[in-house]
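Look for chain A in each of the two complexes below; its partner is chain B in the first and chain C in the second.
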Partner chain A sequence: MSDSPKRLTMEELDRLCRRRQAAGLPMAAYAGPLARHVEDGDRRLLKLQYDDSAAALRLWNFLLTEEDRLHAARAAGKKIVGTMKDLGTVPVMAYAAPNLVAFYPDGAWWTPCVMELSEGLFALAQSLGLGDALCPVRAMAGAFVNRAHFPIPDLLTCSVGATCDDFSAVAQRLESLGYPILWWEMPSRRQPDPGEPAVTLPGGFCAPESQVAVVRSELERVRVALADLAGLPLGDEELAAGIREANRVRALLGDLRRMAYTAEPCPMPALEMLIAEMLAIHFCSDRAESVAVLTEMLDEVRSRVDRRAGVLAEGAARLFWVNPVADLRVMNLLEDCGARLCGTEFLFCHALDTIPEDLPPMEALARMALADPMVGPSADRAARIVRDARALGAEAVVVSRIPGASHCAMEGGVIGRIVRQQIGLPVVELEVPPVADPLWPTLKTRLEALVETVLERRLR
Partner chain B sequence: MKTVIYSSPFVPAEWLAAHGVRPQRIRPDPAAALPSTSPLTGVCPYARAFIGELLAARGADAAVLATTCDQMRRSAEWLAASGGPPVFLLNVPATWQTPASARMYRDELQRLGRFLVGLGGKTPSREHLAKMIATYDARRAALRGTLGDLSARQASDAIARYDLGKGEPAAPELLRGGSPEPPRSTPVALVGGPLMRGDERVFDLVEQSGGRVVLDGTESGPRTLPAPVDRRRLPDNPLLELMDAYFGAIPDAFRRPDTALYQWLGRELAASAARGIIVWRYVWCDMWAASATRLREATGLPVLDLDVSGDESGLARTAGRIQAFMEVLR
Partner chain C sequence: MICAGIDGGSRAIKIVLMECGTCKVLASGVRDQGVHHERLAKELLAELLKKAKLSRRKLARTVATGYTRNAITFADTTITEITCHAAGVRYAVPDAATVIEIGGQDSKLLRLSPDGSVHDFAMNDRCAAGTGRFLEVVASRLGVGFERLGALAHAAKSPAPISSMCVVFAETEIIGLLASDAKPADIVAGVQASIASRVAAMIGRGARPPVIFTGGVALIPGMADALHRVLKVPVRIAPKPQMTGALGAAILACRQAAADRVAM
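This part shows the complex of A and B:
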């Protein structure tokens, strides 16, 4: 909203919001001061720092009003699909039906952070036998029980097999509580054997054709269930249209990421970029509005790049960030330590890649699903991180561990080793709990040390 | 003959043997879990021990790991990157209610077969495979026949010997020799993940605390023995029989849905008259970590959620918790 972009406190952002409202400037119907969400318990918002653009304000409001949209969709007679774990595939299918709305109940893993543990979801999960040995996604079970965060879906799907055990265990517990789940198999992606027919997946991973066929047949079961729920056919034509729309979102995000992660000075803060990337997985329950929100974000970033306006000082250490942070505030912290994001792999890079439009839709979706970085070897994931970090000019890699997650301990080691070996970048592992305040000095020290290392390496 | 090491009950020993290799299902030595073998924090002690054992094993020509848990799935990659023996990762579907999942398991067995051939094994003829399945089925029948006469500790030892391929099951009188059944001891079930070498002392700890294990529902116990095969159908399609015996029958916590596990527990708990359940799970094992409360709800029995770290320093704590649980049940 100003010529020199900067980060604002929530109070400052809300003042700007009210000024825009008073001036009659165009705003989305759901837009308003973030303070109203604090009144609802989202206390972490008070401690975050925000980009000062109208685009970012719209992004935040879009994110924070998702529950309202879901309730409104139900009230309007739409059916709600809770798609669990696959992060980016089933929603593309669901939104191909005009009367279905899909969302990830998994997203509740951020609720304890946003509400600073005041919502009691972990305690509820604990009462169900899901203690802190499991990753924060256990909050999802609490959200199903207290019914205070999202409407209970009309259909629940969950990918299992090559998924994290935490999720599988939590989802199974949900089913035992009376929430039927359509389980669909995701095989562990492997390298094709010599001579075995293989395909290159979106994003560049390779997989045997036979594994794609397994996923395709599993997604067919999902397709039938979605069509039954919708009461409408969900044929190839509808799916192809859904894929085209999903690709619009992905293309916008691709442009946004490329520009935001490469321009100097940094045109958009890390926190807003994290939120923007999340829109890819289920469009925050409104696909068309996702396009509008991302378009405005992209316009803002483009404008800043054109006039060399940055939200951070020039020369910030360029970090490639691996895994989403359980505490959103850590995205602010990295910038406070003199760093910026120059690339990410938030566990759903397959939701950012273009879905092939020149293939039968189910084949294209199966290939996309199998490109999930979580379902294959950590070395695959590391190879993609190496490729992207190199292309985006990263100077260091941060592997952010998720407390209790079954994949993090070994995966972090593999990624770190491969990154060091292949591109010689410094790698730091951090464990970020949902409210990281008690660990703030440690996290800050580690990030500062990493930034110092990067700056020192520039002098060599 | 090449020796192939594995730990998952979903790896059919007779499939390996039919390909001309020696199958050995091991219980890894927790002492093998050196800090250098894998990260300490967040990695299940069993997975660490298995990695350590494989890296140290001189007699292992290859290893087969299964995708039945995330940590073991990733252990395969860790092993391969650490200079261990050749590793095959068997993709065992978590779902089981569709023909597609059974086909996937079959295809994976066939892929495993090609791996074994690459090791120097030989693709078995249908007749040879059927014969091998029948042989193992008969051995397991004999093993099952002895288990009923043994204490839980003895039965566990007998299964461990069988898994290692150490000949025919010993006669019950040879296996006996442990402590006699304590008078008025409290019957409990031990349910959960796999045992490591030396973990059999949990049975002793229960006895020393005034109880006895009347149902071994760990992954290392009778729960995961494959079902008997149908000898009449065996010659026609031995691979199908093998799939049915393993994939079609073994109840486990990783399967989705996990209804077969709870059906098995309901049946066996009732038959055993257990008055309490000890859940045996390793720290960082998510599948069983989520089961304790549910078991309590499903069975109405008191449950001890026993998280074990696999190191000696945790033994006193484990013993203390078992003792307290047995006092509560008394």
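This part shows the complex of A and C:
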């Protein structure tokens, strides 16, 4: 743990890593200098700034070694499930079987950013007819074609319907290339009609019981496929145990977010918090290690909070951030401009909520899946953002758009309007492409101006 | 106590020298932007100081704003053009509620609080279609001086519809219009309407009056009318609209200098 936390360049972080190795300090087997990933093409790492803690070093190594982990799992005879357009439901089910490993092929959308477009995944996607009118998730199709990243899964599942038009288009093209997909239908969440039997979902939304039943029956088909692939029963008992383990990850993330986003001074940088939150989706292909990584992160944050040690000066403008950024460097930028995160809604807030353990597991999973912010009205999403931003003491809201992502095109305006109306906070929309360097001056101006606005509002 | 505000825009550098106690503008000037942003700013500042019979040592504080603000390393601090335009407009039009600023590089909308500070703001994204750059492109394509655009637009009988969302495509569209004998005056008026509609899209539902128009593009006759037509509220041009950012920077420099003095 560091006495005086600070942000480091990759070279500085690697020096720290080597010193720890030389001193024989305990480190995860997959840990090492990040420079080795730059050699593999992850050039963006050179331009990021990192938290200087051992916990953050472990987090980065865990993230960057996922492909190795997947290849090792295959070599060990485990079956691999690609859970597409699924932010946290099927992975919970898959990890309930001891010989299945689930991952999120859609995560390849980060690859063009981390590799600074050098890999040509977008060009490959373009050659398949998936151009830049679609979300950067189209990079995934390229990764299936060049086979240079993740191993080709033994089973591919994909939720479709109310989830994401862009992703459906990409996944349909993938299927046409000879990758069979188990599609499962997600209805568009709606308010129950008067008198219609309804249930409250994790996170607080309401939905008709009939919609939950539809999702449950769809997930039953997924359960059968997973059990067939595993060659093992995937009964309620196994699923309930899987839910309990997933909830351990979610509880750790809940504690981490609560502490990191509310403590003053800010105890953990925005970039590491974004990476940590992403573990909720599919556990970065190792659920048990996710628990260990997050536990160490939480310990580090707790220690810093106890010491009042922060990575930023006290009083940084408190921003609530909506949507993940395609270019990770923007998370550093917000801090360079004098702001900090005080809350987030990265499109998978339902994967941070506790899955009910007092319900039959399939019912609990169906309710959780239906709580996905993307499958309901934008106003629902805005309502949750308003609630969380208010509770976390946000002073401004940033809606970061992903170029080409159809769900981002209109939602920003709706969210902005509702936030302004209900809590009167300034809202700024940013568009962050996978490599945002050409837009740096304008992004910087917007964030600096937002910080200036927040500081002036404090004086009022 | 004398302070300076420097607005390093993409097309021009503007500087205001202000006497802090009285908020009196002692000198102001504009120079075309070039490659060496800092050198040009230094030269213009020296010229204005000479004009005001002041020495550089008299400057208590200098604030730089605008697109090239970070290149002006001799400034004591930088503040974004959003905050500076709000301060500049507040000085000139105390009851302003909404500010539209259209410069060479981007356009901005500012919603002001009753005390004149920024309540919220929006900027155009990446495209030059809502900025002065669009007018530069059309002036070049029509072979007329930038300063003549307003007079041309005034003579328009039927503004040409410009539907392209991108300046590059719009230029192609203009070539097509010229080929079909559209009048240059109608093309300029069409471009002004196109810029105005992009700004209106940024504003969303309703611009709260009084709406004040600043930035270099406000100097072009016809633009305020084009904005008025799409926004359906009167649009007033700020006094010396090109200088508003520099004026705001000078005001904020004075505030900072006063705060420094209190702290000492």
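What we mean here is this: the second predicted complex is superposed on the first by the 459 of 460 C-alpha atoms of A that agree within 3 Å, B and C clash if a C-alpha of one lies under 4 Å from a C-alpha of the other, contacts with A are read in each partner's own complex, and residues count from 1 in each chain.
The rule is simple: a residue touches a chain if its C-beta (ideal position, glycine included) is under 8 Å from a C-beta of that chain, and two chains touch if they have at least 3 such contacts.
Here the structure is a predicted model, which is why all the values come from computation and not from measurement.
K.L.:
Clash or fit: chain B against chain C, after overlaying the two structures on chain A?
P.N.:
They fit side by side.
K.L.:
Under the stated touch criterion, which partner chain does A:Leu219 make contact with: chain B (first), chain C (second), both, or neither?
P.N.:
neither
K.L.:
Just chain B (first), just chain C (second), both, or neither: which does A:Val160 touch?
P.N.:
A:Val160: touches chain B, not chain C.
K.L.:
Determine, for the superposed model, which of the two partners chain B and chain C contacts more residues of chain A.
P.N.:
When the residues of chain A touched by each partner are counted, B comes out ahead.
K.L.:
Using the touch definition from the top, say if A:Leu128 reaches chain B (first), chain C (second), both or neither.
P.N.:
After superposing on A, A:Leu128 lies in contact with chain B but is clear of chain C.
K.L.:
Output check: A:Gly413 vs chain B and chain C. Expected answer is one of first, second, both, neither. What do you get?
P.N.:
both
K.L.:
Given the touch rule stated above, what does A:Met93 touch, chain B (first), chain C (second), both, or neither?
P.N.:
Neither partner.
K.L.:
Looking at A:Glu448 after the superposition, I want to know if it touches chain B, chain C, both of them or none. Which is it: first, second, both, neither?
P.N.:
Second partner only, chain C.
K.L.:
In the superposed arrangement, does A:Arg460 touch chain B (first), chain C (second), both or neither?
P.N.:
Only chain C; A:Arg460 stays clear of chain B.
K.L.:
Quick check for you: in the superposed arrangement, does A:Arg190 touch first (chain B), second (chain C), both or neither?
P.N.:
first
K.L.:
Compute the least Cα distance separating chain B from chain C in the superposition and give it as a whole number of Å.
P.N.:
5
K.L.:
Let me check the overlay on chain A: which residues of chain A are in contact with chain B and also with chain C?
P.N.:
413, 417
K.L.:
Inside the complex, what are the residues of chain B that reach chain A?
P.N.:
Of all residues in chain B, those touching chain A are 38-39, 41-43, 67, 69-71, 73-75, 77-78, 81, 89, 91, 93-95, 98, 100-101, 104, 107, 111, 114, 254, 256-258, 283-287, 289-294, 296-298, 307.
K.L.:
Within their complex, state which residues of chain A touch chain B.
P.N.:
127-131, 133-134, 158, 160-166, 168-173, 175-176, 181, 183-185, 187-188, 190, 193, 210, 214, 217-218, 221, 377-379, 401, 404-414, 417
K.L.:
In the complex formed with chain A, which residues of chain C make contact?
P.N.:
Spelled out, the residues of chain C in touch with chain A are 67, 79-83, 106, 113, 115, 117-123, 125-126, 204-205.
K.L.:
Using the touch rule from the top, collect the residues of chain A that touch chain C in their complex.
P.N.:
The touching residues are 413, 417, 420, 426-429, 431, 439, 441-442, 445-446, 448-449, 452-453, 456-457, 460.
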